[in-house]
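So the structure is just underneath, and the comments pick up after that.
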Amino acid sequence: MKIGVFVCHCGENIGRTVNCPEVSKACASFPGVVHSEDYKYMCSDPGQNLIKQAIREKHLDAVVVGSCSPHMHEKTFRKACASAGINSYMVEIANLREHCSWIHEDIAEATKKAIDLMRFAVERVKFNHPLQTIKVPVTKRSLVIGGGISGIQAALDIANAGFEVVLVEKEPSIGGHMSQLSETFPTLDCSQCILTPRMVEVYQHPKIKLLSYSEVENVEGFIGNFKVTIRRKAKSVKEELCTGCGLCAEKCPIKKKALSEFDEGLSNRSAIYVPFPQAVPNVPVIDRSVCTYFKTGKCEMCKKVCGREAIDFTQQDTFVTEDVGSIIVATGYKLYSIEKKPEESIYKGYGEYGYGKYKNVINGLQFERIASASGPTSGEILRPSDKTEPKKIVFIQCVGSRDESKGFSYCSKICCMYTAKHAMLYKHKVHDGEAYVFYMDIRSGGKNYEEFVRRAIEEDHVNYIRGRVSKIYEEDGKLIVKGEDTLAGLPVVIEADLVVLATAMIAQQEAPKLAQTLNISYDKYGYFQEAHPKLRPVETNTGGVFLAGACHSPRDIPESVAMASAAAAKSLVLFGADMLEREPIIAKVDESTCAGCFYCQKVCAYNAIEKKEIRDRQGNLKKVVAFVNSGLCQGCGTCNATCPSKSIELIGFNDDQIFAQINAFAEV
Amino acid sequence: MEEKFEPKIAAFVCNWCTYTGADLAGTSRLKQEANARLIRVPCTGRIDPVFIIKAFENGADGVLISGCHPGDCHYNAGNFHARRRWILFKNLLDFIGIDSSRLYFSWVSASEGKKWVDIVDGVIDAVRIKGPFKQYKKMNKEIEIPVAVEEGVSVK
Amino acid sequence: MEELIISNDNLKKIVHELLNNDCRVIGTTAENKFKEIESADELVLNPGSVPTGSSFKEYFFPKTEPLFFYKQNHSNVDLFDPIPDKSKIVVLGAKPCDAAALPIISKVFNWDYKDDLFNSRLDNSLIIGMSCHYSDEFCFCNDIGGSPENMKGSDVFLKPLADNYFKVTSITPKGEAFIKEYQKYFEKDLGKNKPIERKVENPKHFDYDKVKTWLDNNFENKFWDTAGEMCLGCAQCAFVCPTCHCFDIIDEQNGSCAGRRAKNWDACQFSLFTKHASGHNPRDNQEKRYRQRISHKFKYYMDKFDEVLCTGCGRCSRGCPVSLDILQVVEEINSLPENSNSIQ
Amino acid sequence: MNELKQICKDALTEKKARFIIGYKEDKNKRVKPFIAKTPEDAEKLTFSHHAVNNLAVYLSRFKNNIDGKIGIVVKSCDLKAVTALIQENQIKRDDLFIIGVNCSGVVLDVAKEFNKDNTQIKCKYCQAKTPPYYDALAEESKEFEMPDDDQAELMAKIDKMTAEERLEFWNAEFEKCIKCYACRQVCPMCYCEKCIVEKSEPQWIDSSSTSRGNFSWNIIRAFHQAGRCIGCHECERACPMGIPLTLLTRKMGMVAFSEFGYRHGTSLTEPTLIGTYSTSDKEDFIK
């Protein structure tokens, strides 16, 4: 092998403490080195030309550059060498600047060390192999899991860029929590007014395939090449025939028996139902758990009234598979279910607040429904128990959030804002009403957020009390709220007509299961984990799977939308090329020696190790060996260190290369 | 006069945290002693204990291994797997009587340039006091060119 | 020539002198092992002991031995010869089955290429053999031309007499010279010390010629499918064997620019022994490798060098972790009809 | 003895097992490994205090077995190897017909009678005379008073030595090594198709019996056994040079237990020591 060595002075950065000509001279005597020179700025055009010229004239096979950190200019020199006809992976960098000249003062010592570092690189490069970047075809389609505002935004962004999207929503309609909201902070514009056009856009978009009432069952494959199995739950209604006339729901005899999920249990719905009037798709589903036909075999009222014969009681769950290149997870959140008995939950709950016991203790989403024009009270603020207008209302923040002993240690982030909004909406509708807010801190970071809270306090005269509520009980139709005003240092007792709890946002219950299906990580609360908290906030550790919205952590609408657009952009980056190019630094199995112990599989954080059967020509199983899925492998090399026979090696950092460097240590 | 002993330290560092932390030390011009030679690996999970043996065989008086803090691994869990191996390996060396106190471990993140300098200087100082790793150097005798052989035949 | 005897004490005195003269003395110790002894007191000669766990072949054919050292220097490679070991070696208390091995393996080391490293050690050596008063279910020296009194390979031979005396027989000129050099320690045999009688019998197990004929004709016999079935493929048998002589040549690095080329023991029972660079292995299972072991010992070596590559010491069987007994295998071959089950 | 023969005979007759890896009688009371392939062969099968071999070493040969179950006669110590092999994907439980034998100790020196002074080290600290699971169980359980665990005493002694003394101790032991690899070949857990020391292009790990080569081999072997050795002591038994190899592997097993509470080969479902981690693994040695 003919190796060329190039020592960079980096102006004076290296040259001041390292005697570069001497290093170059010393390198010339290393076995294998046929060319050695030093130059003021190796990374400059003339410097790069020196390398290219030497490659051509001396027919070099490999190049070692002594320069700054490989993190700086490794790519530069690789490119230069590639343009002169050497494979870019036949280039090694010795870090003479950050790891030598900048940290030492003695010229003799620094020069000796520089020579050693060069020798390491020269010995290492002897075991480098020409590598090609890995090219993986990309299926330019995306799967979006969850049809809330995040999923809708991500789907529209990708679809508008011209790529197909499969949008999976587990409920009968898309829209998510945002569709339940009354008005949104800090502008107080109507949530549905801004959301429903988007929902319709999704439905009508030629590039979006909407699979409502469906769930992701299984995911195989890797970045650019996922195969997703989706369960389409039986709606008992033939979607293609239904016109959404609504007659079936109207005629359904069990009308008042089921609680409306959309109205958070504050109203009822029929057994065949659409969740809300603006639902997309506007196709009803039969809730088989309450439907008389499914319980007794009799009724069939909906079937009788349907002019299109769209009702199909025999429908079964079906499975579809979709090939996609990227997956955006936007499964959202749910509210901490505070009425849950402690033994069913690891969290203690807030039994003392009487949620679930007293009709007039409600949570934030229920208040949204009450305040919503489309809600059960048509937007009039009426309390659930007797449908009277509450004159005194208490809002309690941080129910479950920031409370390690009873709930979760994190801040749910949106409650300060929506509580201010609730109080404001209440005051706007009930002018003579009194609103009290128990808070721990008011966290209102965000554009126009603080101003919004100030408005609630100063213009709408909402009473903010800093302190916690210890107990709520009912007395003569009033809710007695006992708390403490920590600023005044006094106990507070309020006789309220309605109490609204800002319960914590928590991860969806099925989140860990989905995380396992997708092979992404999740934190102890069930929120999905990003690849890097700062620099890769929407990516996961599984390539091609991105996060959007509150499934990652509590966040509000603008943040969710921004994150969704970011996730869409990440997908689009992926779709920007026909082939996915990756550094070829991945593990490779020597099938002839692999004994199939699969310790590599155990240590692999990326599920990149698969089982491969080796068969002879007659088809008889010879052995089962490890196989690296090059799409999933990230190149950490833990498998390589674990493999007892070194039958799996990390290309680019294999044993030969590292041992060669260690061996060169003998001459230090 | 006897020449002052200067220890040779082989340092295996992960690419993402410690190597970058050492880069930061350089960028910050934090001066350190020149006895350590870094060998870059993608992750501490890539470090096979055989590397340590080879380093001692090749004359290292001390070996330093450093990577990302637990939980910060670029590859999720490489450092956790590595840590488990080190515990076993250190115990093995101890039992065989190979001075495992010449083996140093640290977590140095990409932002801990100063910590890196302190660790490197600390290791160099400690090994300087210990002196050369004679135990291991002795083992090379059989494969070294015997002193009695004066001149060899040169072949091109 | 007059008959000589020597007392155990005088023998030790000779050893003492030898050690003082920088001679390497290899002898059996109280743990019944061959070792390079440092003091005459370590020496224990017991004709009734079981053959040592390992033979003393490593003192002539070391388990690892440098052929040369190298140093790379830019485009040159400097080669250095190892320092030849010219010290005199005296082996004391070799059993006939140990001593006989040296002339056997000498043939392969002097066949086309003369192995100087081996020869210089052999030339500088003196083997003092001793008759054997031991026999167990693994011994079969007498089946392949040896005997407990066989002097093959020895320069001087000792036979135990009463009162810690040995009758001394000189066999070679080297032995002659040795006796002459240390004559003051030898006494004339006046017949006072009665020879110690051998109390064990060496039964006849097989007819070597019959075995050889069978091996000549049954390379592909079904017998081989099961003969080595339980073999695990370690080289215990070969490495303790006095006659196994296979070696591997490897380069070992000392740093990136220097190293040595060494000759190390190797064994046909290793799966890598015949593995080609292509990945193909003509002896791809242990059964074939075991056939090779038996055939080499009892047929090929005979064909080529007119010797059985075995002295019947039984070491390989005594130490085999799976109790694969070479004698049993050969006995079984002996009982097989010629050309039985041949699948040619 | 009839019981074992009968079980095996029935198993072979009823095709519960395609063949049975067991022991057969050899010269002078010894026994040796044997594969019984027919019901008639089963007559030769036996078990005694001389049945030292861990027959699980033969199992990895049959890892892609498709032709029916493999019968194997195991003592409780051998069963750990079987368990470990299942854990490490070398064989499937469903492919095995396990004939457990109650064992009351095996000999150290096969040339001698079994007695207090002729007992394998492993028997001295054996916890289970009856294999924890099996498809058939043979042999009467006999009480036998085990001598003291002198190896544990030796280990404690070595632990108390200074590092220099320990190195000297091991140097004297490793010096004997002739690289015959009997320790590896006889080990049921050393099932690699190509050992790391056989990687010869180039030879990074010395294969010579030099001081350096002997150390690197023995260190690597012990390390590769860390958390994997099931303690059958076959390596030490097979070593023709008498190196006390199990001191190393047993020590690593003790470390695996003291540091991680892990014992290999004791559970078919527990994740292996290597290949898993705990975020709370000790790290007081890491700065």
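Just a few scattered comments:
Each chain carries a letter (A, B, C and D) given by its place in the written order, and its residues are counted from 1.
Going forward, a contact is a pair of C-beta atoms (placed from the backbone, for glycine too) under 8 Å apart; a residue touches a chain by one contact, two chains touch by 3 or more.
Small disclaimer: the values here were computed from a predicted structure and weren't measured.
With chains reduced to the mean position of their C-alpha atoms, the one farthest from chain D is A. Taking A-C and A-B together, the pair of chains sharing more C-beta contacts is A-B.
Work out the mean CA point of chain A and of chain C, and you get 71 Å between them. Taking each chain's centre as the mean of its C-alpha atoms, chain A lies 38 Å from chain B. Measuring from the averaged C-alpha position of chain B to that of chain D gives a distance of 35 Å.
In whole angstrom, the spacing between the mean C-alpha positions of chain A and chain D is 48. Within chain A, the positions touching two or more other chains are listed as 592, 603, 642, 655, 659, 663-666. Each of residues 194, 196, 202, 204, 206, 208, 210, 274-276 in chain D touches at least two other chains. For chain B, residues that reach two or more other chains under the stated contact definition are 54, 58-59, 77, 81, 85, 140, 142-143. Residues of chain D touching chain B in their complex: 158-159, 161, 163-170, 196, 204-206, 208, 210-212, 215-216, 218-220, 222-223, 226-227, 247-248, 251-252, 255-256, 259-260, 273-279, 281-283, 285-287. Within the complex formed with chain B, the residues of chain C that make contact are 64, 66, 69-71, 75-83, 252, 254-255, 258-260, 262. Of all residues in chain B, only 49-50, 53-54, 57, 70-71, 77, 80-81, 83-99, 104-107, 119, 122, 135, 138-143 touch chain D in the complex they form. Of all residues in chain A, those touching chain B in their complex are 69-71, 95, 97-100, 102-106, 109-110, 112-113, 116-117, 120, 521, 541, 585, 603, 605-606, 634-638, 640-642, 650, 653, 655, 658-659, 661-666, 668.
Those residues of chain A whose C-beta lies close enough to touch chain C in the complex are 28-31, 33, 119, 123, 592, 660, 663-667.
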